[in-house]
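Two complexes are shown next, each including chain A; its partner changes from chain B in the first to chain C in the second.
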Partner chain A sequence: MSIRGGNFIDELRSTENSRIGLYALLLAGIAFYLFPVETAVMTMFKTESAFARTLPFAPPGADGFTLDALSTAWNTLRPGLINSLLMAIPATIMSALLGSLTAYGLTTISWRGQVGVVVLIIAGIFIPYQAVLVPLSQFWFRVFPGLAEGFINTLFGFITGGSWQYPSRNGYVQLLQLSVTHAAYGIPICTLLFRSYYQSISEEMIEAARLDGASAFSIYRNIILPLSLPMFAVTLIYQFTQVYNDLLFALVLINEPASQVATQRLAALTGGVVQSFNTTMAGAIVAALPTLLVYIVFGEQFAKGVAGE
Partner chain B sequence: MREILSRLLATGGRLRSAVSRDESDGDQLATDGGATVKTTRGDSLRNSLPVEWELVESAPFWLPPVLFAGFFVYGAIAWNFLLSLTDYNGLGGAQYETFDLSMYSRMLNDGAFWQAAQNTVVLLVVFTVLCLALGLFVAILIDQQIRFENTFRTIYLLPMSLSFVVTATMWAWVYNARNGVLNQLLRVFNLEGAIVGLLRPAGVNAEVIQWLSWNTTALAAVIFALIWQFSGYAMVVFLAGLRAIPTEHYEAARVDGASTVRLYARVIIPQLRASAVSASVVLMVFALKAFDFIYALRGSQPGANMDILATMMYRVAFDSLQWAYGSAVAIVLFALALLVIGPYLYSEYRRGEL
Partner chain C sequence: MAQLTLDEVTKTFQDDDGEIIAVDEVSVDIEDGEFLCVVGPSGCGKSTTLRMIAGLEDITRGEIRLDGQIINDQPPARRNVAMVFQSYALYPHMTVRENMAFGLEESTDMPDDEINERVEQACRDMDIFELIDRKPGELSGGQQQRVALGRAIVRDPEVFLMDEPLANLDAKLKAEMRTELQELQQDLDVTTVYVTHDQTEAMTMSDRIAILNDGVLQQCATPLECYHEPNNLFVAGFIGEPSMNFFPTTLEGSTLRGEWFEYELSDETVAEVEGTTDITLGIRPEDIEFVQTDTGPNVFDSTVNVVEPRGNENTAHLQFDETMDDQFIATVGGMKQLKAGQRVKVRFPENAIHLFDTASGEAIRNRTLDEIETVESVV
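On to the complex of A and B.
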């Protein structure tokens, strides 16, 4: 990491009092960034009467402790968690793979006008998704089913009798549509992440391979892809978090209760008429678990990677 | 996560050197490669092509994903614009017959639109400025060669890994009027009554502070929660910027006898302009996307004081089925995003950093 040698900074900042003040501020920062999470964890183990009676950040007493809220939340969210994973994992892998291919095509091979495509891709990262919502629902619920029905009934009319209907209301079909949508909108950010990485790869190596007559594909397959593995870890983790955490696309594209994703189910739990805060807090923690686990586990790996650089 | 973010941020810097490098190397390749190996592929084929060989050679890699993403991003935006010119509403299919600007003129006369637009701009500006300020402050604290630096950074950045729905759920509890932690703490210090009294002239008449329901506090409460979630991001950006400043600058200021405050105010912070710009672009876009947070907190009808263009668009289109009007609101939101990223991308392009 950064080496800022020289003892002057230590001299500058080593007065005892200012160090104590510094750490007090840093600890206050921890309190600030963690208190909503801490109160959520404490509250989810409390009974209804206990969370109304005790301070939110205090642990539940022996008489106020319960696992009921957690089990209610778990049962409500479990189908959503499974749907979320079913939808988010393929979407993440697709985005990362396509992003890697795009970045390769736009980085290690250069041609005039390339920067225009790069600008369009980078701008695509910052699009507010509201600007595509109505067309998205039109596409997935009207245009695409119509096209698919026409295609299948024309080509396989002898089997379907021309009456095949696109299963718009099938829960898995809706999850697949959501997954494809996320994969498409994930390509720009994944491309950007891979592009910055590929620009740091030694060009002599690629040039040497070219001189040996390697095709663009074999350079990708044999040189770029193996070198990209650390970047795949970074991209997959980042993109998984983004896709898993999203609510907006799911609201628009999933209308079958059975195929609702975790964020949808949590939003329904939170927005419910009766606010049992122990249950909603348990729901928040359960819904956050996959991304929290990813963050905690791989955050440490990243720290080692950064320290090793 | 840190790694990702710092890489994301470093991108701007790396793009600069790499493209210029790419271009020169590309020329070399064309001459060297052509003379030796690429003859196997045939110079005649390459020369007879109407476009560069490199374009053709790389197209199988980038063209399909770009078309796929381009259809969903730019195709959908164009489609959305087309829809905003129609009068499409209700349960039937879209009718593309008459095109006019009636939805936009309706918008100009819609008080709800102006209220949502105002809230959006306030959210955008206040959130971004305060996030940058807090992020900078925390980054400077972290940069004092402290122990357990990684732990502190990991914890400060943790809220950003959470879904808006999760954080909204947690903050609904924090802000809860009767038992929420915020009011409980204020009660401990006997401050709740004072704040209620302070807000009484503003038309408030209650015994407890209802942060999310009151007109005067609703938007501020949302902004505060969003700052909590995203100031860690600003911290990471500024930390990368601070680490890029050469040690000599600190030394020179010290030799001049500058105090720590002066050192930062005069020497260090002015050098963080690039970090501040890239962080604020990303933060503003987060603010435009704050829909998930407000929806999870209040549903699609958050009330006039918490309504932003993103929630209004969703409500108009997907609750009221006024598709064309919703599309028109979405175009305004898109234009706002362009106002933020357009100049940024253009300046990056002009400086050859893309």
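On to the complex of A and C.
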């Protein structure tokens, strides 16, 4: 910076100008991202006729305001939302936990054939959902029930004297199977995320823990796990969004109406012959609420994890 | 308290091009309570040796014994050694207290209040009691270093292993910690193996120094022996700062003929070097004398090239021939002033020179130590 007064003022002014420019750009960015959301929220509170009369982003006005669309969407989606949460929360936690354990085993513990396993896991990320649909349904509809029946009937048959039968594929069993499928399918990407994070953890620290007498599991439990909390936030958000938004696996694995998940319900809500934009928008907003909540809850940790702190 | 023995310890790594020998048949006996420094340039195998003692690295051949018991196959935790790492390797999510207690919790079934008591005592010893509930991220480098040391002493191990623990500290703190570490080691009287690449640290702190080069043990002796009676060219050049000056010569009769000078040897010395013709003459910078006249043999003319004043002494870079690249170094007292460009006469006193077999590098004759004096105690 120059010591001449005039220059100093000029510089100050130009900093101010660039600051104004920056804020203008940021505000434009906010408007650009929030505009569709605002439009959706406005549409959700409009009657059909108000929607036809007003601009999409304009507020409904007193005569065009209604909660009907929202309540229809809510009533249709509610059972689906509960099912989705029942299915997605355990699936997310399981794949994050298993991914973290796998990554730990592949980075800080050394054993023969590690590279092969890493290659298989990375390959697992790239298997498209469509490619596994047939084997997946075969497994859950035929192979697994056969195995389970054989095992459980034998076991319980022995205990109860033959009066007990394996229950049919009812609603909750279907949800559980969908959950397990998602958990398994999420392991590769979670492993990869955790692995790159664990590779950055100081090797000397792990060695110090070994010299301190900690077992492999104790090192995981006391050192690695507490240090991976930011990474857990990243995988939880990513994996939850992924599982929650999936429709394909749900369509294949769930055929009981009572155990349909939110995405299936949303499809039913919007898939009618007559398009009613207000219920569609209300449905979209309601269905998006859980993911929004997850982002808000884990946001700070997520930022830390992404920044690699 | 323990005696640690390395018996022909060897470590090899497999590489694409075959086998790489990192540590080659190193044998050292480390007495109970002894402070041994392992020094050498980077890649000489000193850290690998330490890691083998710790159990973090497999031993390819040879034996490591602790009090006569072979510990080759014992897992690190069972060896009862504590290690201080260069990076300190503190657990960042734990407080100082938790960091120090972790080892005791994992390796002993000591009750919690006893662990707590020992941790607090160690914190008081290390002068970090007021930091006990802070996390490593909130501490300065020097404080983290103390915590790392505290974590080692709280375990009350048989052997301390230290891998360049002072390398990340600034010069002043390093000198302070050096003294403190020495005091600590004397108080606790625990056998210590200390790895460093800094020969000053090795000279000032240790009872004995083990010098490694390319995985081979060059010499294991007290600091003064290593300094005054080096086994070979490598040790002579590695220990001492500035380094010893070396001049390649050939022996002709009683004369060492170098490129720039001829050095007359006495009859006794000639008898000592009998049978070797290619000889490297070595002399420490502080043994080179500046003289006014050609008093006696072995006085040479030279030119002062650069002078580095250090206050307590001046380091002079000298040349026999200004047109050639033949610099050597002499140090004189800080009160003796020299100027660059000055012509001077230097003398290499015969009792201070070292002679090495150029081919093998082995020392044939080391300086005499007649002049060593001791400061008498007063009653």
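Everything that follows uses one rule, which is that the second predicted complex is superposed on the first by the 242 of 309 C-alpha atoms of A that agree within 3 Å, B and C clash if a C-alpha of one lies under 4 Å from a C-alpha of the other, contacts with A are read in each partner's own complex, and residues count from 1 in each chain.
As a working rule, a residue touches a chain if its C-beta (ideal position, glycine included) is under 8 Å from a C-beta of that chain, and two chains touch if they have at least 3 such contacts.
None of these values were measured; they are calculated from a predicted model.
With both structures placed on the common chain, the touch criterion links A:Leu227 to chain C but leaves chain B unconnected.
Of the two partner chains placed around the shared chain by superposition, chain B and chain C are both touched by A:Gly213. Contact with chain B, but none with chain C, is seen for A:Arg142 once the two complexes are overlaid on the shared chain.
Once chain A of one complex is fitted onto chain A of the other, the partner contacts of A:Phe65 are absent, as it touches neither chain B nor chain C. In the superposition on chain A, A:Phe151 makes contact with neither chain B nor chain C. More residues of chain A lie in contact with B than with the other chain of the pair chain B and chain C. Contact with chain C, but none with chain B, is seen for A:Met205 once the two complexes are overlaid on the shared chain.
Overlap of the chain B and chain C interfaces on chain A comprises residues 207, 210-213.
Within the complex formed with chain A, the residues of chain C that make contact are 54-56, 75-77, 81-83, 85-87, 89-93, 102-103, 106-108, 151, 155. Contact residues on chain A toward chain C in their complex (touch as defined above): 202, 204-205, 207-215, 218, 222-223, 226-227. Across the interface of their complex, chain A is touched by residues 1-4, 6-8, 10-11, 14-15, 17-19, 21-23, 25-26, 28-29, 32-33, 36-37, 40, 51-52, 54-55, 57-66, 68-77, 79-80, 83, 93-94, 138, 141-142, 144-146, 150, 152, 154-156, 158-159, 161-174, 176, 178-181, 184, 228, 232, 243, 247, 250-251, 254, 260, 281, 285, 288-289, 291-292, 295-299, 309-310, 313-314, 317-318, 323, 326-327, 329-331, 333-334, 336-337, 340-341, 345, 349, 354 of chain B.
Remark: chain A residues 1-2, 4-6, 8-10, 12-13, 22-23, 25-26, 29-30, 32-37, 39-40, 43, 51-52, 55-57, 98-99, 101-102, 104-107, 109-113, 115, 117-124, 126-139, 142, 181, 184-185, 187-188, 191-193, 195-197, 199-200, 203, 207, 210-213, 216-217, 220, 234-235, 237-238, 241, 244-248, 251-252, 263, 266-267, 269-271, 275, 277, 280-281, 283-284, 287-288, 291-292, 294-295, 298-299, 302-303, 305-307 touch chain B in the complex.
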